[in-house]
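Listed after this line are the structures, all set down as structure tokens.
What follows is subunit A paired twice: with subunit B in the first complex and subunit C in the second.
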Partner chain A sequence: MTTFFQAVLDGFAQGSIYALLALGFVMIYKATLVISFAQPALMVCGGLFAHHASRVWDIPFWPSLAIAVLCGAVLGMVVERLALRPMVGKPVFTLAIITIGVDIALRVLANRYMGADPRGVTYPNGGRRYEFLGLSISHQRLGLIAVTIVTVIALALFFRYAKTGLAMRATALSQETALAQGIRVGTMFALAWAIAGGLAAIAGTFVAATGAGIEQNTWIIALKALPAIIIGGLDSIPGAVVGGILVGLIESLTAVFQPDVAPWLGNNFALVAPYALMFLILLVKPYGLFGTKEVERV
Partner chain B sequence: MTTLLRSAPSTKARTSTGVRGRPLLRTSYEQDLALANTPAKRRSMIGLIVASFVVPFLLTDDLLQVLTLGMISAVGAIGLNLVTGYAGQVSLGHAFFIGLGAYTGAVLGGDPDGSIVGYGLPIWVWLPAAGVVAAVAGLIVGPVAVRLRGLYLAIVTLGLVFLGDHVFREARSITGGPGVGRRGAQLEIFGIDFHAMEPIEGISRNQAQFLLALVFLIVFAILGRNIARSGVGRAFGAIRDRDVAAAVIGVDLTKYKIMAFAMSSFFAGVTGALYYAVIGVFEPGAFSLLLSIQYIAMVLIGGVATISGSIMGAMFIALLPRISQFIAAYIPGELLTVFQLEAILYGALIIVFLIFEPRGLYGIWLRIRNYWKGWPFSY
Partner chain C sequence: MKQHRKWVRIAAGAAAAALVLTGCRGGGDDTEAGPGITEEPCPNAVNEDNGCIYLGAISDLTKGPFAPLAGPITEAQKAFWKKVNEDGGIGGYDIDIDKYVADSEYNPEIHNKKYQEMRNDVLALGQTLGSSQTLAILEDMKSDDVVGVPASWNSAWDFEDQILQSGANYCFEAMNGVDWAVKNRGVKNKVLAIHYPNDYGGDAAAGVEEAAKANGLDFVSVETATGQDNQAGAVAAVLKEKPDLLYITTGPAEMATIVGGAAAKGWKGTVVGSSPTWNPALLQTEAAPALEAMYFQAAPWGPWGSETDGHAKMREAIGDVDSPNDGYTAGWVWEYPLLAALKAAAEMDGGITRENVVKAAAELDSVDYEGMLPDEAYNATGEPNEVAWRQSVIGGVDKDAPTGVSIVQDFWVGPTAEGYDYTEPCFALS
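Showing the complex of A and B:
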């Protein structure tokens, strides 16, 4: 039983990373109806910004995180301005493919910076573990969960009460109407990308702080946020959080139990388990758990 | 040859010069949709095919191999274009179907004495079988795809690639496992072994493989074009342009979407089988998301919903490593390696084409053609 709850706890921590990334995806999707395949690159870049601040400039962890978030947000805005703004009004598929192009190009630059060695971030007392009812969690993971919760609540408050948040919701609902109310729709797009870039940077920083650091193929992690947003529903913010946590849980639970329960699925099935879960959920609910069903009008 | 390229006419009006010496005058819809509906197209097509058969005797072996692989992947690009370009169903799962075809071909046509399972069947069995197995997989995925639209579909097919990647890695008895890999099918037709140094007296291996790939491409390009210009192709187009409207005018959405997936997967399957038979040894890591993106790039750079565009795109992508090597020579110092440059070119080219020439290389060709058609007048 302890194994089970330990797996749940680990899954929750890992799920926080997916939730942060998924939130970024949903943010961009709601504002521009585009799925940004550039998130993996933004995550890797965010992690590298934090690495640079932490290891090269010797800045403590939390300010490094802040620097990473800021740089990530700026990077997101730059990507939006250069690659996506000229394409407003083109089919969303075209835009999605363009983000793939951005992703490839950015990752080449990131790989160039990285070279062959993994790039980590120094986390104070990172190794310290807390024991509770036979479960154990490291200081880092606790920090990650705390940061995720704070971020999600802050975002929810922002969208609920801030004037800009309201403007963003209006833009998501209908760009034309929002424009007619005097909202700068372009700025809202940029803001959505900035938030997504910042969220990806938080995720990247914690990926760099925990475990192996950022390597050439760390970006694959970010792709697991894709099943998360599909499970939660593309246009639902709570869905992104729930989907992200679910993906983390399923991954951690399969990693612990699948080798004994279903060894025929092969080694490392945990890595692809989220995609299998996505297929199952889509068979039942084609628009995810919380997504809005598309209404057809002729 | 000339009569073959024209669709079978029964009326007297369809002579080679058209009605009363006006070759561009069409008196029926069939004429308009003929494979080569203008004399110029007919002539240039024959010219191009003849020229292609001469090419292997003019170029060096390494370039020939690049072109051979390009022609084989062109068939896969045509397949992707059927589902994504013509029917408008975005598929990032092409790598999975190519992988299925590759392993079906390798198992059925592989060396029976090799270390990994192979039955040594002739190409007449393994090539169609590879297509059929992939098409069946497409049929199975189809119903899931029918329920989804647009980007949901893109992500689900992306999931397919990851699941497939996992299966290929774990099925070691068939695929050899990551890092090890296995040999592809044996290439033997009419007793000619295309892996031998000199399959036919006086023709080298690369020349022979080039000719084989050329025949393969011509067959499947005509097949693809025929699908596109038939009722099925028009149904695909209707679904792409507006699925609700298509349903209203009587297009069975479920049937045609599943058909699109099955056909596209068939093309992918045969491509996979032949491609890796020519390459020789391949390992499961080959069928990753990157391969899917490469095929998407072929379609987008070549031209969406055009067969000739798919071929141009595939050749372009096949030549891209050559091009980046060429450019890398001009980039000073240690700024970028050839591989990094190639990756950046991928990304940049996709973006540039989508922004400046959404119709791809085919669109550029159209512009050149129309310019010379009206020359010396601007239109």
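Showing the complex of A and C:
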């Protein structure tokens, strides 16, 4: 049983990364109806901002994280202003393709900065472990979970009580109506990208502080957020969090138990498991667990 | 005026036809010596009076798991041939390995496509990175009489005349790694091999299994995918099996994730990695303490900082680099057999041609590696069971060494590799 709960704990920590990334996807989707494929690059850039602050400027971890979030947010806004804003009104498919181009361009720049070496971030006492009821978790993973919880609560409060948060929700519901109410829709788009960039930077910073750091292939991690947003529902912020955590859990539990319980599924079934879960959930709930059912007048 | 127009049309038509015909020929500069060799000097030639031999390099320059190593490999090879050119070239030719460099993204299909694009333009391949990738072009190389230098150490290459491999393959390297750990690290019970599900991983895992059998160790093998985020299963396997020895054949990031992840959950033991598992930058990551405590690298030759003539020449030719990397070392060493084959071909009737290079490579019974490997490490004149090189070095983590590892065991062959009946590759390439 300890093994099971340890796998749950590990999955929850990994799922926190996916949840942060999934939140970024959902923020942009809600605001613009575009799935942003630039999130992997924003994550990598965020991790590299933190690396630069931590290792080059020798700044402690938490201020480095703050710098990364700030830079990630600015980068998100710049991407929106330069690449997406001029295309407002064009088909969303076109915009999605543009985000792929943005992703590639940013990763080329990031790869040039990285070169051959993985880039890490110094996390204070990251290796220290805490034991509780036979379970074990590292200081760094505990920090990740705590930051994710704080971020999710802060976002929830922002959208519920802050004037700007309410304006963003209004924009997501109907851009025309929001415009009629005096809301600057373009600013809301930029803000959505800024929040997505900041969230990706948090994820990237913790990825850089783990294991082998950030390297040229690390962007692939962000793609795990895609099944997370489908599972949770493309337009649901709670869905993104639940979807991200579920992907982390299913991945961890499958990695630990599948080789013994279902060896006939072959090696590395854990890689497929999130997509299998996504498939099952879509069979039952086509719009995801928390997605808004689309109603069309015919 | 009409006459003038007519001639203009004829001239334009002839020019267009010439252009089309040139295009159909693939743009190659064939001469009497054949494709990949011209009497014209190389672009940016060191010796303007020399002709030019073009070598191709198909590498993993951007997206694949070995991109961090492939860049240094390619740079070292450019430096190697530049040095050869500065020494006068070979048989009246400079060597160019700059013009035909292609990125395969570690994908056999793209690798093949890139070879098709350059096959009429190169004399030989100065680099073909990856086992499956090289296999994807091997038949075409044979039909083209093109020799290639593999950026891999696969046991299958010992059975291929046109693949010029240097150093012990992954299979012997793994046998030596296990034998060394048994002798020096007190490994007695179980060895777990974690490896990529491909020819690189399979070749090493076959060597680990053979050595485990020879040493009376329990053997468990787990395949793992590329990507740091895909190592949960491998970490779980380490924690479940609790091996004395973990032998890893992945990329550096995956290795560090597995070792760091397992150590963080309390596993202790010895880790030996195939040579491509190491990158000195791992010492700047959170996995560094675990690697310093447990990791050893089985390698085909000494690292960047070793004291041999070849290493010294390499360091001088490559110059100052931001972070020394044994991708440079490998890229440099690999070129020596091709240099020897070109020199031998230059002495043959007909001089340097593809056919003569193939013939010369098959007749090499030693290669001057300038001390980086013993001369007898290369011998293509006998059966692999008699002539294949079986010795490896073992490196330990050393923060003060330029590439983060220094030799703890110089060239040696363990009893398993020494007695291995090598009549076929350890792992069948597919």
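Just so we're on the same page, the second predicted complex is superposed on the first by the 298 of 298 C-alpha atoms of A that agree within 3 Å, B and C clash if a C-alpha of one lies under 4 Å from a C-alpha of the other, contacts with A are read in each partner's own complex, and residues count from 1 in each chain.
Simple rule for what comes next: contacts are C-beta pairs under 8 Å (C-beta built on N, C-alpha and C of every residue); 3 or more make two chains touch, one makes a residue touch a chain.
No experiment lies behind these values; they were computed from the predicted model shown.
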Which superposed partner A:N111 touches (first subunit B, second subunit C, both, neither): both
Contacts of A:G76 with subunit B and subunit C, given as first, second, both or neither: neither
Partner chain in contact with A:G244 - subunit B first, subunit C second, else both or neither: neither
Subunit B versus subunit C as contact partner of A:L271, first or second or both or neither: both
First, second, both or neither for A:G15, with subunit B first and subunit C second: neither
Which superposed partner A:S138 touches (first subunit B, second subunit C, both, neither): second
Which of subunit B and subunit C A:G24 touches, first, second, both or neither: neither
Intersection of the subunit A residues that touch subunit B with those that touch subunit C: 111, 267-268, 271
Residues of subunit A touching subunit B in the complex: 35, 83, 86-87, 90, 92-94, 96-98, 100-105, 107-108, 111-112, 223, 226-227, 229-230, 234, 265-269, 271-272, 275-276, 278-279, 282-283, 286-287, 294, 296-298
Subunit A-touching residues of subunit B, taken from the complex the two chains share: 90, 144, 147-152, 154-156, 158-160, 162-163, 165-167, 169-170, 244-245, 248, 289, 293, 296, 300, 336, 340, 343-344, 346-351, 354-355, 358
Subunit A-touching residues of subunit C, taken from the complex the two chains share: 62-65, 67-69, 71-72, 197, 222-233, 235-237, 240, 252-257, 260-261, 264-266, 279-282, 284-287, 289, 322-323, 325, 327
Subunit A residues within the subunit C interface of the complex: 6-7, 10, 14, 55, 111, 115-120, 123, 126-127, 129, 136, 138, 140, 207, 209-213, 215-218, 220-221, 224, 251-252, 254-256, 258-259, 267-268, 270-271
